[in-house]
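Pasting the structures in now, so scroll down.
The following pair of complexes shares a single chain, subunit A, combined with subunit B in the former and subunit C in the latter.
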Partner chain A sequence: MHRLAGFTGLPAQIAKIIFMAIADAALVAMFFASLSKHGGLLTIVIAIIFIVTNIVYFSPRTVPLKFLLPGLILLITFVVVPVAYTIQMSAFNYRTGNEISQPEAFKQIMSQGLQPDAANTSFDFLVGRVDGKLVGLITNQADHTSAIATESGVTPLAPADVKIIDGRVVGASGFTALTPDEAANLDSTISNLKFPDGHGAYISPQGDSAILLTQTYLYDKKKGTITDTLSGEVFKDNGVGNFANTKDSHQLLQPGWKAFNTFANYTHLFTDPVVRGPFIGVFVWTTIFAFTTVIMMFSVGLLLAIVLNQKLRFRRFYRSILILPYAIPSFMSILIWGGMFNRQYGAINGLFHTHIDWFNNPWLAKATILIVNLWLGFPYFYLVSSGALQAIPAELEEAASIDGAKTSTILRLIKLPLLLQILSPLLISSFAFNFNNFNIVYLLTGGGPTDVLHGKTAGATDILITYTYKTAFGSAEQNLGLACAISVIIFFIIGSISMWSLKRSKVLEQI
Partner chain B sequence: MQTSTSKKSAVLSHAFIWVLIVFTIFPIYVVIESSFNPTGSLASSSFWPSSFSWKNYKMLFTDPAVPFTTWLMNSGIIATANALFSVFIGAGSAFAFSRMRFKGRKLGLQSLLLVQVFPSFLALAAIYVMMEKVYTVFPAIGLGSLGGLLLIYLGGAMGVNIWLLRGYIDTIPLELDEAARIDGASTFQVYWLIFFPLAAPVLAVTALLSFIGTFNEFVLASLFLTDVHHRTVAVGLQSFIGAQFGQNWGPFAAGSLIAAVPLVIIFLSLQRFIIGGLTAGATKG
Partner chain C sequence: MINKRFGIVSAVAAAALAVTGFAVPAHAAARTITVWADDQRGPQLTKLIDGNTSIAPGYVIKVKYFSSLDALQSAWDKSTAAGGPDVLTGPASFASQGGKSGKLQYLRLLATTTAGIPTSGWASMSYQRRIYGVPLDVDTTAFVWNKDLFGTSAPATFGDMVNYYNTNKTAKGLKGGICAFEGTWGSHAVLTALGGGAWATKGANADYSKVVLNSPAFIANAKKYLLDSSGKSTGFFQWDGCADAFKAGKIPFAITGAWNFDGIASAKINYGLGATPGLTASTKGAQWVNYSGAFLTTYSATHGVQGGALKLVQGYFASAEGQLAMSLASKRPPANTAAASKITDPSTLAVGLAAQTGTPQVSPALDDKAGGSNWYDTLGSAYTDIFVKGKDITATLNAAAAILAKNFADAAANL
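== the complex of A and B ==
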């Protein structure tokens, strides 16, 4: 009782209040920082975390939640939310060229429609401030009238208000020109300035002159079309994130926007020949790879467990060497094997005096992946099989041998079936793990060789997860929407396998 | 007859073991040999050792273009932080699931079991876009930062850790809790004074498994850490030899050995405990 007393009462209360004060201060600071920087959803998430944390830790009734909450917040924010976001993103046309919101894309398109007017009106331009705001002092090069151009319009100046030196306007009353230093600092801001002239056109600075830009794109709100008044071509929202030429649907106005397209990414995977071919190829190899590699690792590991289960000399010595691959960080082993399979310089070709180009032949590349993964994985299966072998009651073996069964028969008819039963959950989870074994593929072959499937991104040894990675972050084109659709398919496959496995093992009912 | 078969099987057993031993040792031998080979490039590495030098090791610690010590530190920091925090936070949740009865407990455990089968990198595109957004508001925990990567790792580790720890806590007899409660202990006291000391060994093993897992993680780290000084060993070494495979082979081999040796020693000395943790459901390889 005395030992317990130290952690209760006032000290504990004070500790709790100090801890919560720090957490609350941090959360409040983050909330306002996020609010001021237009964090959007992020701001809401912080607010929710703040409210929930305070309710849970200051209410006397929420004892289980006090223990659960930190883990729950992490799990929801960084696992559940990304999964939900993946599903949401998979329903959008979200790729290189279609990355921004529709209003933003519309704004950018319309600004491309701004072209110098037919008369090529140009001005001398001087940037300065009136009442602190950035304005332009413009002088028409044709008729030499001057005006102040602001964000709200153009105010003509009487000739008397303008200061002229050497025939060039250098100032006006009420107008403070920027110093060269100031102007240099604001360079990008200045070149982006567009002053409306009040007649639908804009005055746009080009260094120390300015030109008059008129809008050549005509937006028809009712029809939802943009007409290029110069060429007469009409562009219409094609429903998947672009304004497309009504005569030639491949001619698009850039940029496009992230458009909601429900299942289009999924239907592409199964119907669009450009995407379907590589996707099916990758899918088949992923399944074959995961199956084959688990069977190989398990067979070697199990055989080793059986062999080392006998009374052999140096058993401990063998054992400590043979589990080394499991102890070495796997990414390193993979990179090392990659060097050893190198055609020109690798140790393997060096040892056998061959010149095999392991990574350029799809079959050999697949073989190297299986060999290296066997090296990485057989110790794990040795360890678990040998544990399982020892867990089989000795009475079974004794009873069988009294009945006259040979050692090999006991192994085949009694031990193996039992072993498979014990280890099947591990075999299934190993299958699921290898189904997504990014490292072995990406670090060993990079998914290559690539010239086999003619897909833009998929190589002969790519599995679904490396294919997803390349689809989302490839160098040629990035298609986040499609990548998310593939992720969702992987979720589905892995989820089904796991559910099936859990149902089998009856874990769910024991909870 | 009997003796000849058992002799034959003993010979076969030894043959099998030795084939596997050669297979196992081959790359390890190559790495050790390459790391001490002064020419440093893959091209001139020969199978049989020719000469010996520490040149590759020196290069790792002196060449400013290869911040190897920084990478090692980054990996150490992020793996340690993830191991400690994920176990500490996970233990609380596991304790609640194991010892308390509340509404939604069963559903919570079932969802947890399902969530923990998905590695967090499956949602990599979403994580990337999310953290890109976070970066614009909080650069310290957004894309490109170790802090942001740690948060993602912590989230991903929760499912497995809570599940593993709950399984262990279930085996600690309830009588201990009850005795403490009769003495007037609150739930928090039971947690700190009864459960925590008892669970210390399994917490350590879970932390160690998290550490090794984080040390090995490549996908998210390579996506996140683009700045050369923020990289972990995995990303750093990969980009290092990825750039010039033949040229940097020797220093790479040396770096691999430096990073691997502590882990191998930890693993071999604690293998008895780690293997227990493995069979409980964690997998690798």
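== the complex of A and C ==
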């Protein structure tokens, strides 16, 4: 293995020490930040990266790994982990209302069962200690009687035993109030205090006040049921992340929890007509869009490359301006094009004195997307086609000309096959990119138009990735598990097409 | 060799620890109450409470705000206990979403707290009969007219506006008659001015079993005032991207909220404020009246600041003093009635007055999509079909009403 020319000895050692010190510092900082927020798996991963990085860069036996490790870490972090997580989540009922863990959901449901009494009995509340134990000094806001509330009960105080300033009880004999800092440090403990009132109810702190609460939900651990003692309704774990009413399965206690449901999201995708209908339509349009847009961009790019490969006046100028669409950030271009296609105020209708409703007609909206994507993408294919054309040996063209071949014949039978062989990987990667081209659809048409009045839930220009995004985040009701299932399907479609294409083009064999 | 390598490792460790000393954040952040807001409320809250240690003694308040309401919504949707807020501020729709997802903490409020804010405010913060937030201010729109175009007096009736538009459309190059800045949400006052709307009312209560979007009265009035004899739009009603045209003086009337008044004034529009004119001088259009709220998250318990966050929510956000300070900064009418009585700003008062004629915005019903799409998308689609594509208004509104009937029935079960 060659060392970097001219960078050896002490300077290299110092540079290595500085680089590793910064990397280690960053990893240690991330480790503690993750640890403090109960990062779990992430904390372990950071620790492993820290150990492996130091072993690799301080061992003389791991020279190849020194070059591969950064790429490997990034690949695992940003590709492998998200893919694995997406596959995992696709097997869960993970949607609005089913987002937290089962223990947390159960805790919240039982918390919701704690109901105030009919009089909404409230107290002024001061937390402190009596004989070292945490207690509450409570004063009923209705009758202004005070008491010391402990975990074993409520002890009334005589008016003479309480200290009042500005009409508010601030102390009592034997009671030492916590300072604000002390109380803040014990926040979790104080928030979870429940002082029994001796009649089956609890006095529960609520900031500076306390309130009388009664548990109205009764949990039967043996039966696994929750009974609402007010209505008499019984709720049982329905196996998909909720406690459901035993008499009406649609009536659920909220919140639910993330529940493992194996292939339910996938079967839902293909068996539920409400989901299946849009999915198939969107899939067909996605394939057409990706294929058409690549063909259009490649054709225009190649045409311009052929034209500008000839000797022309102002050829450099033409080449320069052709790069401009590529040089402008695409999201800006898309928004500008969106404005230009506006029905009322857009430049295109203004220029032609028309009132074409580009975004509300399904076919026009599709055409608009193809046009704007062509604008964004042809410079790339112009550049690569120019390079590829110049890489084709001139002797081939000369020989063909001598044999009497016409220009069109040379292009069709010599240049194009050679170009396609060279550019196949780029065409395939471009197809894969456009299959998931979220920006162009989301920023230009938002996936629309959507004929909601006729029961359509997907837009005419929605592609799988925008449909997935809408399913996951597009409304108040999100279905992340289903979106993950769609993402996994997209992943396998793209992977399969790419692998098949690469194999067909034999590109991998030539690397 | 071993000593040399040991020396290098030691040097790296020493340097790393030195750098880490600066990189690892101080642990004092454990008692920080983090408040999330959008770009409208965030800067105001930052001025009012960021760094405050007296509202909840023993805690420091930190305000984090996002570039837009969408960005806030997106961050909230993806939030977990690891980076989520302790207190969330935003529209009332957060209550139903957060209540269902378990991200918001059910609040048990004192009688003294609930007494200061109207029942409709608490209703907007509820999901399945439990309250998840305290109403901060009234989120609604008012009717705005360009005095330089129409005159200093407000139009008395809807017909006055339409007549002005028809008379001056060509001469003044008008690009519309009335513009709902906030799209389908803002257009509700136009619907109700013409006898339409979302659901019927029974006394003071909503009757979700009856959709009035396709009522015969509304269809007849829409044909009379918004469509020409061939059933095509006259161009009077605008709801999509028309704000710039109003600011350019090309649309005489608009419906928008306090958050846009500065922009309208900056565009040098001499404007008046009021309620949307109805069919007669004594009737008015009813815009959606919603509340923004402050919500206690369940993350606050995980972060060990729930007690402090409760003090912030109940002791400041729900209080007259807190709401007055926020209203002075935002120009939005406060939800707290004691704070509202101390407002003197004319714009805030005008919006507050307009709100009195409004319809309570019940987010669970409007966001529900049991019928296939929610109120806003359904209405947007109907507008496009009627006013852009020129489709038959009766058939279009009947199709929309069929969707909405399913939505409202589904939502009513959870209210």
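What we mean here is this: the second predicted complex is superposed on the first by the 310 of 511 C-alpha atoms of A that agree within 3 Å, B and C clash if a C-alpha of one lies under 4 Å from a C-alpha of the other, contacts with A are read in each partner's own complex, and residues count from 1 in each chain.
Convention: a residue touches a chain if its C-beta (ideal position, glycine included) is under 8 Å from a C-beta of that chain, and two chains touch if they have at least 3 such contacts.
Not measured: the values here are computed from a predicted model.
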item: Contacts of A:P205 with subunit B and subunit C, given as first, second, both or neither; value: second
item: Partner chain in contact with A:Q112 - subunit B first, subunit C second, else both or neither; value: second
item: Touching partner for A:W375 - first (subunit B), second (subunit C), both, neither; value: first
item: Which of subunit B and subunit C A:F331 touches, first, second, both or neither; value: first
item: Partner chain in contact with A:F58 - subunit B first, subunit C second, else both or neither; value: second
item: Of subunit B and subunit C, the chain that contacts the larger number of subunit A residues; value: B
item: First (subunit B), second (subunit C), both or neither touched by A:S429; value: first
item: Touched partner set for A:Q102, first subunit B, second subunit C, both or neither; value: neither
item: Which superposed partner A:Q13 touches (first subunit B, second subunit C, both, neither); value: second
item: Contacts of A:T150 with subunit B and subunit C, given as first, second, both or neither; value: neither
item: Common interface residues of subunit A - those touching subunit B in one complex and subunit C in the other; value: 33, 37, 39, 342, 344-345, 473
item: Complex interface listing, subunit C residues touching subunit A; value: 5, 8-9, 11-13, 15-20, 23-25, 27, 31, 56-59, 74, 77, 81-83, 93, 96-97, 99-103, 106, 108, 110-112, 127-128, 130, 175, 241, 244-245, 298, 301, 304-308, 310-311, 313-315, 363, 367, 369, 372-374, 377-378, 381-382, 384-385, 388-389, 396, 399-400, 403
item: Residues of subunit B touching subunit A in the complex; value: 10, 13-14, 16-17, 20-21, 23-28, 30-31, 41-43, 45-47, 89-90, 92-93, 95-97, 100, 102, 105-106, 108-110, 112-115, 117-130, 133-134, 136-138, 151-152, 154-156, 158-159, 162, 180, 183-189, 191-193, 212, 215-216, 218-219, 223, 234, 237-238, 241, 245-246, 249, 252-253, 256, 259-260, 263-264, 267-268, 271, 275, 278-279, 281, 283-285
item: Interfacial residue positions of subunit A with respect to subunit B in the complex; value: 1, 3-4, 7-8, 12, 30, 33-34, 37, 39-42, 63-65, 67-68, 70-72, 74-75, 77-83, 85-86, 89, 297, 300, 303-304, 307-308, 310, 312, 318, 320-333, 335-340, 342, 344-347, 350-351, 373, 375-380, 383-384, 387, 425-426, 429-430, 432-433, 436, 438-439, 442-443, 465, 468-469, 472-473, 480, 483-484, 487, 490-491, 494-495, 498-499, 502, 507-508, 511
item: Complex contact set, residues of subunit A against subunit C; value: 13, 16-18, 20-22, 24-26, 28-29, 32-33, 36-39, 54, 58, 96-97, 99-100, 104-105, 108, 111-112, 114, 116, 120, 122, 141, 179-185, 187-188, 190-191, 204-209, 211, 213, 254-256, 342-345, 357, 360, 449-457, 473, 475-478
